[in-house]
Amino acid sequence: MTHSKPPLWRDHRFWQIIVQLAAVICAILIVVILGLNLNRNLQQLGIKFGFNFLQQEASFDIGETILSYQPTDTYTRALLVGLINSLRVAIAGIFLTTIVGITAGIARLSDNWLVRNISLVYVEIFRNTPLLLQLFFWYFAVFLSLPNVEHKASVLGLIKFSQNGIELLGLNFSPEFSTLLLGLTFYTASFIAEIVRGGIQSVAKGQWEAGRSLGLKPSLIMRLVVLPQALRVIVPPLTSQYLNLAKNSSLAIAIGYPDIYFVASTTFNQTGKAVEVMLLIMLTYLTFSLIISFLMNLLNHTVQIQEK
Amino acid sequence: MQEQTQIIVAENVHKWYGKFHVLKGVDLIVDRGEVVVLMGPSGSGKSTFIRTFNALEDYQEGSIRINGITLSNDLRNIELIRQEVGMVFQQFNLFPHLTILNNVTLAPIWVHKLSKIKAKELAMQLLERVGILEQANKYPGQLSGGQQQRVAIARALAMQPKIMLFDEPTSALDPEMVREVLDVMKNLAREGMTMVIVTHEVGFAREVADRVILMDSGSLVESATPELFFTAPKQERTRKFLSQIL
Amino acid sequence: MQKIQLTWLRKNLFNSWYNSLLTILCLLLIIQFIRKFVWWTIAEAQWQVVQVNLPLFLVGRFPQTSYWRLWIVLGIITFLIVITWSVFITQKNLIKHKFINLLVPWLAPTWLLSCPLILWFMGGGLGLQSISTNLWNGLILTLLMAVISIVISFPLGILLALGRTSNLFIIRWFSILYIEIIRGLPLIGILFIAQVMLPLFLPTELRLDRLIRGIAGLVLFSTAYMAENVRGGLQSIPREQIEAAKALGLPTPLVIILVVLPQALRAVIPAIVGQFIGLLKDTSLLSLVGLVELTGMSRSILAQPQFIGRYAEVYIFVGLLYWVFCYSMSLASRRLEKQLIN
């Protein structure tokens, strides 16, 4: 700024550099100390860092696979099978929870007292209890107490319930998969319902009145006027709910559905490779997060543009 | 010797926002006790210019000296200068989470290290001076715009500055409240405070200012006594500007 | 009277043919459900499992002779909650009560200081008979883990949020890196890191209690979310507030402490309550890493031979416990939110 130079320690640029330098040094120190500890601890345990174990024989069985898999396959194959199982439940979950969530959210604003309050009770129950507990409930209290295969309960012959899971139009879903899917769907949907309700309510009352004054039917006003505006408010928090669902799918381990986390955890138990396995898990979920964020950003972009 | 009379000395001040050249080598000298009114169309850089005086904006070339202290990257100088220079903003910018009293005592307590009792005494004095004494325990949100702006003036005065900067102090006010704020400012001028004021209030400028300056696209266009400025401007640009606002 | 009821019915349940249809359908479903549920509750369910194990659910295997210590802890927490609540509620009338006004600056430190006090009462030592953390189970452990974790992650979250919004490039990127990595990971993974990997990263001599590792995991996790919540508050403060404070000659640290944070934190209280509710539910995951909190306790009770298969009873009861806490807090948070808007 000026040509007279103040002493170094009174120049704020100097401090900015010093503080950042200190942060970097601290970070490096911490990493080095932790790394040294890790090295020493691993040596004591007789474990060597490295990803070679991925080529070894997994020698454990996986209950549910889409890819063909045998215990003689490698860990890589096992993890891949787990990854696909994760994706399967996450994608199906996101799809279902969107439907249930939007339905419940709109029901919260219904002019039918009964519908409104059923939705309210649903939202308040599912939002305010732990997902893990809900999963246990679905799995142990619901699925395990269903009739066994010979005496399936069925709804209109389309969906059949039994201890062996759900049979829908000839497709068979294991009780573990069904539990996880239902659990994730209904838990996440209770949050989405509130987001949808908030989004719709955020649209100014004048918009309804303007729609009505044009002679539009309520359903049309909802579809043409209110929802497009509500989406602007809905999409960003919806993204974080999808992310939550994807991350929560890791609770599969609690009920024995072989998702990526479950398989990775088994891998760790057999090989003791904690750091490597954790890095793989981190990589997987960060990739999930990035993909979902990317797709939702695209959606958000189109939704926001509609405004102008 | 010059330093005795000249309290603000800005020489050849340049500032860029990225590629945009906001201040194009502005020179300004303000004497002690002088009241200078800066006028100009919006975007002419007048707010930016006075905000360089207390380092709310930095500048890339030239020099600014305030009461003999050079404004630079020197942290201590910046702090010293901010204590010498009070500022009043267009949007008042009172702290909404503090009472009126605490708004005024905040800086004296934390910067001048005054005791709470002393600071309160000082604040009460100032609030009385701007006519808000009975509202001292309310929160800013409970006051009208004019009252808030008067509190903002008291808050700035609490640091006992040698210079007061006003950045369009009446532009955000309802018309009926402009007067109460201008009255406070007039009193301040009468008491001999050095003031640099960005405003569009022509009547006020005529009555109070020692000097009126027109600024346009980052340069000073004309500087004259209010008499000459409003009745016999020399520059074509000034005439045009006056025809737009009068 | 009857007429009013009839018009209410018409207006709210039968105002069009499809609403009437919906109403009847819903009624049928509800009646069916309630009939089955009531029948199950009264006739089929065996609630002895809850009755017999009630102390286990609530306080775990904490020695009965030391229950008085738990009562004191409960007293301290209740006191803190009442004080905190009254501070926020009285802010409705902007001129605050003098006494409560005095309390405000002490609030956060009191919460922080009460943490070691509570731990002392629970764990003993220094004159009290020490009680192993293995005996801290059930609901009390759930609450304890949630409260301690949120209290620790509060100041850390604020620092991280300040780092995230700092104009110092490296500090900002470190903060972003931490926040985004943690938020990208499932909690179970973070608890795994804390349980299994933390000991690997620490010197061999340093053996951390399982409970401490659990808290470490929750804090690692919760801090990142806290930082994002606080950042929302920081960004809601207009730049002019900072300029006004600077123009008064306040140095940057004071600007943050006196002007920015008080406003920012007030704005994010509802979000933080929401986060606490989430954390309370998330403590259930500790049962997967070997801690016997409420969910873990329910599983070990279900393993008792005489109560095998009483899943529904146990999970419904435990769910109810969680629900009471979460729901009452969400009500409180909504009330606060309304108050902050007005």
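Each chain carries a letter (A, B and C) given by its place in the written order, and its residues are counted from 1.
Here is the rule we go by: a residue touches a chain if its C-beta (ideal position, glycine included) is under 8 Å from a C-beta of that chain, and two chains touch if they have at least 3 such contacts.
Since the model is a prediction, treat every value here as computed from it, not as a measurement.
**Q** Mapping chain-to-chain touches, which pattern fits: line, ring, star, complete or other?
**A** Topology of the interface graph: complete, with all chain pairs in contact.
**Q** Can you name the chain that lies farthest from subunit B, using the mean of each chain's Cα atoms as its centre?
**A** Between subunit B and every other chain, the largest centroid distance is to A.
**Q** Using the touch rule from the top, point out the two chains with the most contacting C-beta pairs.
**A** Looking across every pairing, the one with the most contacts is A-C.
**Q** Taking the mean of each chain's Cα atoms, which chain ends up nearest the overall Cα mean?
**A** Chain nearest the centroid of all protein C-alpha atoms: C.
**Q** Just how far, in Å, is the C-alpha centre of subunit C from the one of subunit B?
**A** Chain centres of subunit B and subunit C, defined by C-alpha means, are spaced 48 Å apart.
**Q** Can you work out the whole-Å distance between the CA centroids of subunit A and subunit B?
**A** 54
**Q** Could you tell me the distance, in whole angstrom, between the mean C-alpha positions of subunit A and subunit C?
**A** About 20 Å, centre to centre.
**Q** Which bits of subunit B are touching subunit A when the two form their complex?
**A** The contact residues of subunit B facing subunit A are 58-60, 63-64, 70-78.
**Q** Per the contact definition, I'd like the list of subunit A residues that touch subunit B in the complex.
**A** Residues of subunit A touching subunit B: 1-7, 10-13, 15.
**Q** Please output the residues of subunit B touching subunit C within their complex, sorted ascending.
**A** Residue positions touching the partner: 54, 56, 79, 82-83, 85-87, 89, 91, 93-97, 106-107, 110-111, 137-139, 141-142, 155-156, 159.
**Q** Quick check on the complex: what are the subunit C residues that touch subunit A?
**A** Within the complex, subunit C touches subunit A at residues 12-13, 15, 19, 22-23, 26-27, 30, 168-171, 174, 181, 183-189, 192-193, 196-197, 199-204, 277, 281-285, 287-288, 295, 298-299, 302, 311-312, 315-316, 318-319, 322-323, 326-327, 330.
**Q** Which positions of subunit A touch subunit C when the two form their complex?
**A** Of all residues in subunit A, those touching subunit C are 16, 19-20, 23-24, 27, 34, 37-38, 40-42, 44, 111-115, 118, 124-125, 127-134, 136-137, 140-141, 144-145, 243, 247-251, 253-254, 261, 265, 268, 274-275, 278, 281-282, 285-286, 288-290.
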